[in-house]
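Quick one: structure below, then a few questions.
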Amino acid sequence: MDCTRQEFMAIATGRELKDGELAIFGVGLSMLAGYFAKKNHAPNLRAFTEGGVFGSTPVGGLPWGIECTRLSANATSFTGALDALGFLVASGRCDVAIIGAAQIDKYGNVNTTGIWREPPWKAGRYAPPRVRLNGSGGANDIAVGAKRFIIMAAHDKKRFAERVDYISSPGYLSGGDARERAGFIGGGPSAIITTLGILRPHPVSKEFYLDAYFPFSSVEEIREHTGWDLKVSANVRVVPEPTEQELANLRAVDSTGSLRKK
Amino acid sequence: MDCTRQEFMAIATGRELKDGELAIFGVGLSMLAGYFAKKNHAPNLRAFTEGGVFGSTPVGGLPWGIECTRLSANATSFTGALDALGFLVASGRCDVAIIGAAQIDKYGNVNTTGIWREPPWKAGRYAPPRVRLNGSGGANDIAVGAKRFIIMAAHDKKRFAERVDYISSPGYLSGGDARERAGFIGGGPSAIITTLGILRPHPVSKEFYLDAYFPFSSVEEIREHTGWDLKVSANVRVVPEPTEQELANLRAVDSTGSLRKK
Amino acid sequence: MTNKLITLAQAVARYTWDGMTYAHGAAFPVGADSVVFGREMARQGRRGLNLISHCGSQQLNLLAALGAVRRVEVGFSGLEVYGFAKGLNRAVVSGQTIIEDYSNGAMALRFLGGALNWPFVPATVCLNNDQQWCSGDHPDEYPCARKIPEITDPFSGKKLGAFSVLRPQVAAIHVTMADMEGNAIMLGSEWSRFEMARAAGQVVLVAERIVDQGCMRQYPNLVRIISEVVEAIVYWPWAAWPQSVVGLYDSDEEHMLLMNDMLATAEGTAQYLERYVRAFQTRAEFQALIGPEKMDRLAATATAFLMDPYRRWILPDDQIAALEQEG
Amino acid sequence: MTNKLITLAQAVARYTWDGMTYAHGAAFPVGADSVVFGREMARQGRRGLNLISHCGSQQLNLLAALGAVRRVEVGFSGLEVYGFAKGLNRAVVSGQTIIEDYSNGAMALRFLGGALNWPFVPATVCLNNDQQWCSGDHPDEYPCARKIPEITDPFSGKKLGAFSVLRPQVAAIHVTMADMEGNAIMLGSEWSRFEMARAAGQVVLVAERIVDQGCMRQYPNLVRIISEVVEAIVYWPWAAWPQSVVGLYDSDEEHMLLMNDMLATAEGTAQYLERYVRAFQTRAEFQALIGPEKMDRLAATATAFLMDPYRRWILPDDQIAALEQEG
């Protein structure tokens, strides 16, 4: 099938969403994955973004922002951040969410804040980063509050680290019951969908293992591109190829083809 | 002048408001007094009610409620209670307010909640009241937060008590610096306007004394109708009669004549 | 598009039960409350209710007069220019209904806290006075330290209070217009209906008008209650009667006074139940109780022009009735 | 009716100063922010600013690139599909600008707390991770216990956090439409502009359109920013350019990228200042920088129909110019 890795990733992500769920999407690609699901198999997905844009489907391609004009042309309601991130997400009400990650560790903790020569947890000091990223945005609210969330990330060794430099949005923290002890209301990350495959958390240790790989990838390739000693499911499987209909529906949402590039 | 005591009271109350102030009005008569001021001498009074009704003037007479259709016909904005009572009043932002009282004591504490055979502070117990009133509504938020507030009440001995049965909306509590110690952001009641005259708080003791009486009343009548030993200002004065213009402006607001009754 | 329209009787049967925590109320004690929903609860005989009434209204007055209210949390419990709520006050004075008093601002903040799922809300009002010291739930403790306990600001060390939050099991929320999915517009003060809709476990809308969703897509900033949090919609013109609704009808002074006077006694309340609750099942029967002449007069409200931009999207009754059949 | 219209230059001269705490931002990192206000602050050479940017935008990017930002509190600091904010990031990495990170939800809550004048806001997010542990103000404390200190729920005994609240001295808030008194309508997500307008000591509106007050009286529920809290109004079409405004214009992709690239270096920033800040004083000069062809293209936004109900009240430029002279 003529489909890019990014498109494959977006379709695999969209498949995680079920009809009728209350869902919030973060910036960029995660929004395309989410609205693809609504178009494809979850017409009653109750989808919104963190600015309180409800009932809409993007027009004209990848939205410029979480609630830009491309998302605002056919909304049923506009409220605001307090409503979307506070009342619906941090409250524990939201079923599912999709966020991105610049760096991610084996417990699903996400860094979107910065890269350090010596990260704060190692230095015992919060110095300016070597590279500043974007900050958490609404992803921290989502990671704390959503019943489950899905992380999308390009799969390479630099991104998939034993320990992230900075936890912007918590996954399972140090694993095991650490998240529970922190008292977060949401359930934590249910999957990491990458450009190569799908990782899921072990039910007890909460360490992410390889659950499935894309047809064009392999267990070996994925382990090689992961910065920790990635465990592999005994039942590791191949992710089914996108169907023609899935791809058509994705491209209808991604009408400017931002996922087809590269 | 052909003017009822209630009208006199409303005009005397309205005179306490200055142009340009941010002002909130409570239920019933206090709203007429407030909107009279806006019509008469304070055109830039920024007046609102506790439901977040801004920029309006009542039409058709005494509003049925704090934000009913009579108040809503010419508003510039409708928001809600959190905005009006929280953001603008409890925050300390509001300059002045007018509230009513069913019972009031010498420190300007207001009871609008109930009348007891033996009040809670005496019984050491919160039993059902002998007479249930309305509760505080927004008056507690106002009494705590407004920079100053004015209390309107019909002047009789039962209402003007040494100590109220229940403090619904705090004045100066037990007097002196008690209010300051309670940490309330607003300054407390600046005047009690009654059907007979005007009481004001002593700057130190915060006990209300008689500052002025209406032309048809007298110091003796007022002392007789007050449930505590009311002190009288050395400079006690007569409140000037309403002018014809004041009365015309009041009656333009009170177009159904609710203040002309009795 | 999901169709959430159901009948009033279905909505009360499905979303209310004895002993539940039920929220209602709107912009003002004589305003846009879901009064007809309370009538139907009365008709179906709900008992032992825990009400969150923000503010009080004839709905609270009626249910309390019937002895159906075990406990009510409220800011303003009266009927403003129509006086004290005589049915409620009878229940409170007799000790049948426990009343827990807060300020109106506090009630708004407690809904906010419920919507945010906070464990408590910082309190700077209702402190150092009897709303803090008197608790209907703990009448033997005076001053009560449990109702609005003291907390410390971790930044300044200063003391303030903490309110418990409100998370009603169900809220019946009056709205001016809704589409069949549950996106809704309120004209006039929204009071705390925005926060209430997010704090409640389940939301039932009581809508004066049903509109095509095109209305919401033209005015999305007006849609303050979102279908995402709405379970069901009841279509019921005059739902707030005898109270008023901005844009649609004024307060019915005559019936406000009559109703309050009847609820002042047990006998009057029984009569009211016969005449104004059991006497209708359909919208047409309900409107016959009000009477066409009075409806015309009340509908001639000075606020009517506020409805003008939306009239073209209003669905006709027969279409709505068909949708109700489906729902 | 009070006329609060003044010129952009007057507004910046009157309501901004070196070292102030200044808030801006709107619905999204590439959205309806008061960007032109930041350009004018740059032109007038403001320094040592403490920004509250919710969210980040090209305004933050520009001021930080110029070295004018001492400290910024922010949730999302980037430019979304246009990448990282290169001017800001340069200032952060060099240590020139202290950045204090929160989540977007936390920023909204902190404005809410500021609007309510609470001493703190309960925190259930930004806990047990580096937003709590890392403080730009206290870099030597790791984990920092002062930024989001722990508090205890007095009802359950459970632990949670406390946010400090936001009370900016001045906020420049972008709105779609305002009347000359300062009643304003925002189309699209209001983000946190409602709360920001109440949390700020003084509010200056930057309005794309000035409308007759009749518009507000027809749509009072849309008026979420009230004249009661507004000090001054600046009329400035294309105020958010190169970002977008719902109902009016799309994001200018070309200039978004150009601007961000230029701000990536000190030299580029100096050039940007010459070409896109010092190069205009009037609205006409500003629009000439964008260019008529591009303006036409961007104004052909799919959201344009959202403006239709309000067009009849829009005041013409000459009338507004006369009002500005008075103001």
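To keep things simple, chains are lettered A, B, C and D as they appear, and every chain counts its residues starting from 1.
Going forward, a residue touches a chain if its C-beta (ideal position, glycine included) is under 8 Å from a C-beta of that chain, and two chains touch if they have at least 3 such contacts.
Only a predicted model underlies this, so the values are computations on that prediction, with no experimental measurement involved.
Where touching is counted per the definition, the chains common to subunit B and subunit C are D.
Relative to subunit B, the most remote chain by averaged C-alpha coordinates is A. With centres defined as mean CA coordinates, subunit C is found 40 Å away from subunit A.
Separation between the centroids of subunit A and subunit B, computed from CA atoms only, is 56 Å.
Subunit D has its Cα centroid 37 Å from the Cα centroid of subunit C. Across the assembly, subunit D contributes 109, 116-117, 124, 158, 160, 187-188, 190, 194-195, 220-221, 224, 306 as residues in contact with two or more other chains.
Residue positions 72, 78-79, 86, 90, 185 of subunit B are each in touch with at least two other chains. If you draw each protein chain as a dot and join the dots that touch, the picture is not a line, a loop, a star, or fully joined; it has some other shape.
Listed by chain label, the pairs that touch are A-C, A-D, B-C, B-D, C-D. The part of subunit B that touches subunit D in the complex is made up of residues 22, 44, 46, 48, 54-55, 72, 74-79, 83, 86-88, 90-93, 185.
Touching subunit B in their complex are the following residues of subunit C: 27-31, 54-56, 74-78, 80-82, 84, 88-89, 92-95, 99, 101-109, 112, 124-131, 133-136, 138-140, 142, 144, 158-160, 187-195, 244-246, 249-251, 253, 301-303, 306.
Subunit A contributes residues 27-28, 50-53, 59-60, 62-70, 72-73, 78-82, 85-86, 89-90, 109, 113, 120-121, 123-141, 144-145, 166-170, 173, 182-185, 258 to its touches with subunit D in the complex.
Listed in rising order, the residues of subunit D touching subunit B in the complex are 2, 115-117, 179, 181, 183, 194-195, 198, 213, 216-217, 220-221, 223-224, 226-229. Across the complex, subunit D is touched by residues 109, 116-122, 124, 149-156, 158, 160, 162, 164, 185-188, 190, 218-222, 224, 305-306, 308-309 of subunit C.
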